[in-house]
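In what follows, structures are represented as structure tokens.
Here come two complexes built around chain A, the first alongside chain B, the second alongside chain C.
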Partner chain A sequence: MSALLIVFAAAILVLFLGINKPESAMKWPSVILLMLAGLVALSGVDLATWLTVPESMISYSSMDRLFVALLCGIGALVIAVFDALSSKGSDRLGLMMLSLTGAVMLVGQENLVMMFLGIEVMSIPLYVLAGSDKQNIFSNEAAIKYFLLGAFSTAILLLGSAFLYGATGTLVLQSMTHKASMYAHFGVYPPMLVAGLVLLAVGLLFKVSAVPFHFWAPDVYEGSPTRSTAFMATIVKIAGFSALLRVTMAFEPMSLWYQNAVAILAILSIIVGNMMGLVQSSPKRMLAYSSIAHAGYMLLVLLLVGQAQFEADSILYLYLVAYSIASTGAFAWIEWATQRSGKMDFTMFNGLSSNRWAIVNMVIVFLSLAGIPLTAGFAGKYYLFASAFSIHPLAVGFALLGTLLSIAYYFRAFRFAFADTQESTPNAKFSWVLMLVSVAILLVGCAPMWFMP
Partner chain B sequence: MNLYILLALPLLGFTINGLFGKQLPKFVVGALASSLVFIPFVLALTLWSEVKEAAIVSQPFTFLQVGDLNIEFKLMLDRLSLIMTLIITGIGTLIHLYSMAYMADDAGYYKFFSYLNLFIFNMLILVLGANFMMLFFGWEGVGLCSYLLIGFWYHNPDFGYAARKAFVMNRIGDLGLLLGLFMIIQHFGSLDYQVVFSEIAKVSHPQWVYTSIAVLLFVGAMGKSAQIPLYTWLPDAMAGPTPVSALIHAATMVTAGVYLVVRSEVLYTLAPMARDLILYVGLATSLLAAFIGLKQNDIKKVLAYSTVSQLGLMFIALGCGAYSAAMFHLATHAFFKALLFLGSGSVIHGMHHEQDIRKMGGLRKAMPLTYVTFLIGTLAISGFPFLSGFFSKDEILLHTFHHSPWVYGLSVFSAGLTGIYMFRMFFLTFHGTYRNDHYAFEKVHESPILMTLPLMVLAALSLSGGLLNLPHYLTHSHSEALAHWLEPLFVFGDAAVHVEPSTEWALLGVAVSVFVIAFVWMRQKYVVQGRVAENDDQMSGSAKLLAHKFYVDELYDSLFAKPLQALGTWTYRVLDRKGFVAFTDLMGKVTHWKGQTLARIQSGNIELYLIIMVLAAALMLGIELFA
Partner chain C sequence: MSALPIPFLVLSFITILCALYVVTSKNPVHSVLALIVAFFSISAHYVLLNAQFLAIVNLMVYAGAIMVLFLFVLMLLNLGKAAEPIKSNAWALASAISAGSLLLILTAAFQKSGEQVYRNPSETVGLVKNLGKVLFGEYLIPFELTGALFIGAMVGAVLLGKRDSGDHESSALAEEKGASS
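Coming up: the complex of A and B.
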């Protein structure tokens, strides 16, 4: 709860203090504030004892606080790793932090109203951020598309919430669990409950860009400024999956009923994400599809809910840690390569291998996304696949095939980086933040137990 | 004292020289390497009396644990491994010293010594290990070092091929050894010598188990000890620097197979069929190699074939069940063959890398020390009375005589051939006239003291090596010294030999006369008549056959290498390129094509996106509501 307040306050602070100042002035203060929020979340101290919030609206368990810390950490990382814009005003930083406020709310929600609120607070700044490169027509297109499709999905989500309320007479997730177990006991589900659940799921699946609700992602990811893309690809995934997991846990008594549907969606996401990733010529778009594929893998976590021997939340957490760190790194590399070469396709990586520290860091990031051992990506995938295998071997089989395919397109970046060393003279740029990203990836990869609650 | 120190010192030498040798002065590198082999030798000597009481066993620790099978890292110094250790470290020290001079101008000086130390380390593991796993560890380790040292001058591609050949041939043998170990695990549930051998001694398993394990272990020995059909690598291994040939490919590593059989004495005594196999393989190898040795003109090649032949003789002894006789010959062979190799190295050094004996001659005047020591070595190996080789060979011949007359006959024949090719080489090298036009006789020089000193020590050993195991007709004791020393280790012991004293003297007479014939004939041919070995193009018939080593290399080439290569080419061209690669390519293309088809949906058309989303949601609703 305290973290939520800090992030919110920081957002307002940055927004107002940053007026008419270059963004770089507010960059490190924002990072520090977000880190502070993350640390507060991690430690669990309650700074706002005077504030009483009903448990049925929002509450943070120790697991939730870890998710909050991850959100704040990744938010800080995204801000730190990308160059600040030179133009006046820190509104983009403020918007990012506002969006983060929504994400933090989403993680702690106990109530459909709070969930809706969180999603909206998170999404609306994102629409603006997608279009924040005002001179760029693609950025504008991305914003419009994201907004239209997002509005549509929110409508579906709201409709689902309404149906659920109609079916159960409550908006509190915990109470819904009682109702669900009651229905499960008799084996009949009223149509309104089913319809509500499906529509709610569609709304959330849209946010995490699972197939077939993923269409916005490639267009929006590609058109938006890269920093916004990185933010979307990480923060929204973390918050979205946390919410999805919570809803699934609430309806856990009905797990037999939805398991196949989840598996099918996961398989679809994995196939479409990876196959489309294979044919992209733009690395940014490739990463968009890769994020769809990763959403597919993470959907497998939902299969673990209700299985006492697995801790679905900590497995998801580890995967998200691995995914979001590596994703941020990958987007940062794409941004750096684009700025350096002025190209949008894979040739942007040409000659990168002559810059030794850059290539080492980049390789680590992409290896982690592909899930090669000793990187965080492998640890995340290993725990996820190994646990899900006993529940749904077919889906895990597809996930493994998908991982195989994904290696093809992740390694494409290396091919360009190593193939042509004459073309460009890379300016040696050292970023300790990116170095930190590599170290973190290897650390999580070598000692995943430290990061699994 | 802790046995691990024996291992740790050479390993330390390997590490120091391997990591920092380049920065250290050459003398320091050589002296360090030599002393780290010499100290274990002294330590092993001090343990003599202790080992005499009982075998020393080190504190074991778990090396591998798989299921019920617990393999320990455990060392054991008993009477057998003590002898091996003394030979390895003793001769090793001499050869290290020798190498300091021999390799003085080599750019890879430090590398050479670090490899040598690594070899000593692995060889000690091989003989000190208290279970078959440790033996295997050392077995592979010495194989690696052998590979590295044969190909030491890897800039010459031929030497590289020779190294590869040695490695591959050894791998074939290793496969047999490994299978043998697997069978031991399967039937006895352990690899520990004590456990396995006491289990075997109970004779609780069917005969075929013993026979097949014994044969499989022998296949391993065939590879390492260069027996038919896996012997062809050893002559090629002469590509390595001469000290390496002396240490690894004559005195120590190649005798690992003999050690393995002696160590598994219980097993082989219970598997007479396997022992017969050993006997015949040894006999065939001994004869074949001796024949080939007759017409080789490379000084080191002659010695290499002689080594193969002598190893064959050791296996003949093993086949007859004369374990201590084999060990005796192993020890004396280590002395005189190391001496001969080092002597040939001295010649090569003095002649500036000339190895062809047709281009030598008359060297006795230029290199007196080398000449004398080489003469002693030659006399010892050809069985000059009362030198080391005489006694050790004689004991083997005695056993073969007891086994069957025709085995005895062939063995004597082989021993006679030894004298012939050795004296042929000796006279061609040191007597007659100097025959090299490219290198003036005045430039031929005696080697430095660092090289001749080991020669003299080894010559002394070759002279007196017979003392190790003097036959009972000289000592009038009940049994020979070495046999007596090894006796407590054996469960069944050496095959008993009972012959009349008169027969024994007759056999001695035969041996001496064979030596005399060889000596006189060769002297007549090469010294008195002054003939020189014919050039390659003058050879005909049997000489050509021998000079070309019975075309065994060519036979293996067309029997195994060519068909395998053809198979490889076929699998590459057809199975791989047209099969697997085409298949994976196809998979890639299909995926790519499907991806492009899918990509058409992603047209940027927002209405289409919405329609698909709504349809998907509707589909899900429909399925969940009505199905």
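Coming up: the complex of A and C.
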């Protein structure tokens, strides 16, 4: 709860202090404030002891605090890695932090009201951030597309919540578990409960862009300014999967009923994401499909819920750490290469190999996304696949196949980078934060147990 | 299921009729007017459910503010026949089939769920006094956090709506700096 208040206060502070300054003036202060919020979440100190928050609304277990720390850390990383815009006013930074406030609320929610509020607080600034490059027509398209589809998905989620309330008479997730276990005992589920759960899942799956609710993702990811895209691809995935995990845990007594549906969705996401990723000509679009595929892998975590021998939340946490660091790095690379060459397709990587530090970093980031050993991506995938294999071997088989496919398109970037071109290669400014990303990836990859709670 | 009360049937009939007219009407102003009638009858539904506060708020916000906004936008846009984009029949067919099957599934599912539904515990739950007590007691935290939602929406609206003169100035400045250094 303290971290939530700090992030919210930081958002307001950055908005007001940066009102007439260039955005770069507020860049490092906001990074420091977010790091502070993350540290407070990690340490678990309660700064607001005068505040009594009912357990049935919002509460942070030690695991949730780790998720909050991850959210704050990734938020700080996204702000730090990308160059600040030259424009006046720090409203974009403020909006990012407001969106982060919603994500933190979503991680701690215990109640459908809080969940809805968290999703809205997270999404509305994102719709604006998607369209924040006002001169760019693709950015406008991304914003309107994301806004319309997002509004529909929220409406579906609300309808689902209303049905769930009608079926169980409560909005508190924990009380819903009692009801669900009661129904599971008799083996009959009332239609209203089933319909509510399905609609709720549709709303959440839209947010994490799992197939078949993924149609918005490629266009929105490609059109939005790259910083917003990186923010969307990481923060929303972390918060969305944490919420999905919590809902799944609440309805765990019904696991026999939903397990196959989850496995099918995971397989579909993996196949569609990786197949479409293969044929893209724009790296940003390729990463969008790769994030759909990653959503598919992470859906496998939901199969582990309720199995006593696995800790689904810590496996998901490790995967999210690996995915979000590497994803931020990859988007930062694309931004860097675009600035350097002024191109939007794969040729932006041409001749990158002449810059030795740059190419080493880029290789590490993309290897981690593909899941090659010694990188964070491998650690995340290893724990996930090894645990899920005993539950649903078929889905894990598809996931392995998808991983193989994904290597093909991640390595395409290298082909262009090492291609011998006669083009002159202007060296853009190379950020030391990007080096930090690679170091973090290697650290998580070599010693994953330090990051497994 | 016992016989439904007459007022409910009449109101539902009006609501559905108006909602259908909203979708089928060719003239956008007519659809907006039909939408207002639909909102009024939904408010009447709330009154039937003993939720006076909700009924009034629904009238004020939807039938009042939002509908007036709709009408303003329609008059400013001056939508003619030419402005309407041409949609292909395949899309219409696909959406009709998917929406129709959703309707079919939901009605089939809810047909026999009447007795399992959670019922309102008391008649006074929707009164303003009780609603306020719940909102400022049990639901105080979500109520307060709605502030984050509103400030996000406001800042976003200002960001999208403000003119870009500042951006141009500062980018011109940056270019000058780059040229001089």
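Here, the second predicted complex is superposed on the first by the 448 of 453 C-alpha atoms of A that agree within 3 Å, B and C clash if a C-alpha of one lies under 4 Å from a C-alpha of the other, contacts with A are read in each partner's own complex, and residues count from 1 in each chain.
By our rule, a residue touches a chain if its C-beta (ideal position, glycine included) is under 8 Å from a C-beta of that chain, and two chains touch if they have at least 3 such contacts.
None of these values were measured; they are calculated from a predicted model.
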Worksheet item: Can A:191 be said to touch chain B (first), chain C (second), both, or neither?
Response: both
Practice prompt. Return the chain, chain B or chain C, that is in touch with more residues of chain A.
Written response: C
Worksheet item: Does chain B (first) or chain C (second) touch A:65, or do both, or does neither?
Response: neither
Discussion item. Output check: A:99 vs chain B and chain C. Expected answer is one of first, second, both, neither. What do you get?
Written reply: second
Worksheet item: Does chain B (first) or chain C (second) touch A:219, or do both, or does neither?
Response: first
Discussion item. After the superposition on A, what does A:412 contact: first (chain B), second (chain C), both or neither?
Written reply: neither
Worksheet item: Which partner does A:113 contact after superposing on A: first (chain B), second (chain C), both, neither?
Response: second
Discussion item. According to the stated criteria, A:279 is in contact with first (chain B), second (chain C), both, or neither; which is it?
Written reply: first
Worksheet entry | Doubly contacted residues of chain A, that is, touched by chain B and again by chain C | 191, 194-195
Fill in: Footprint of chain B on chain A - complex, ascending
145, 148-149, 152-153, 156, 191, 194-195, 197-199, 202, 206, 212-213, 215-216, 218-219, 257, 261, 272, 275-279, 405, 408
Worksheet item: Considering the complex alone, what residue numbers of chain C touch chain A?
Response: 106, 109-110, 112-113, 116-118, 138-139, 141-142, 145-146, 148-149, 151-153, 155-160, 164, 166-167, 169-171, 173-174
Worksheet, complete the sentence: As the complex stands, chain A meets chain C at residues 8, 12, 15, 22, 53-54, 57-58, 86-89, 91-92, 94-95, 98-99, 101-102, 105, 111, 113-114, 117, 120-121, 124-125, 127-128, 131-132, 134-135, 165-169, 190-192, 194-195
Item to complete: Flag every residue of chain B that touches chain A in the complex, lowest number first.
Response: 588, 591-592, 594-596, 598-599, 601-602, 604, 606, 609-610, 612-613, 616-617, 620-621, 623-625
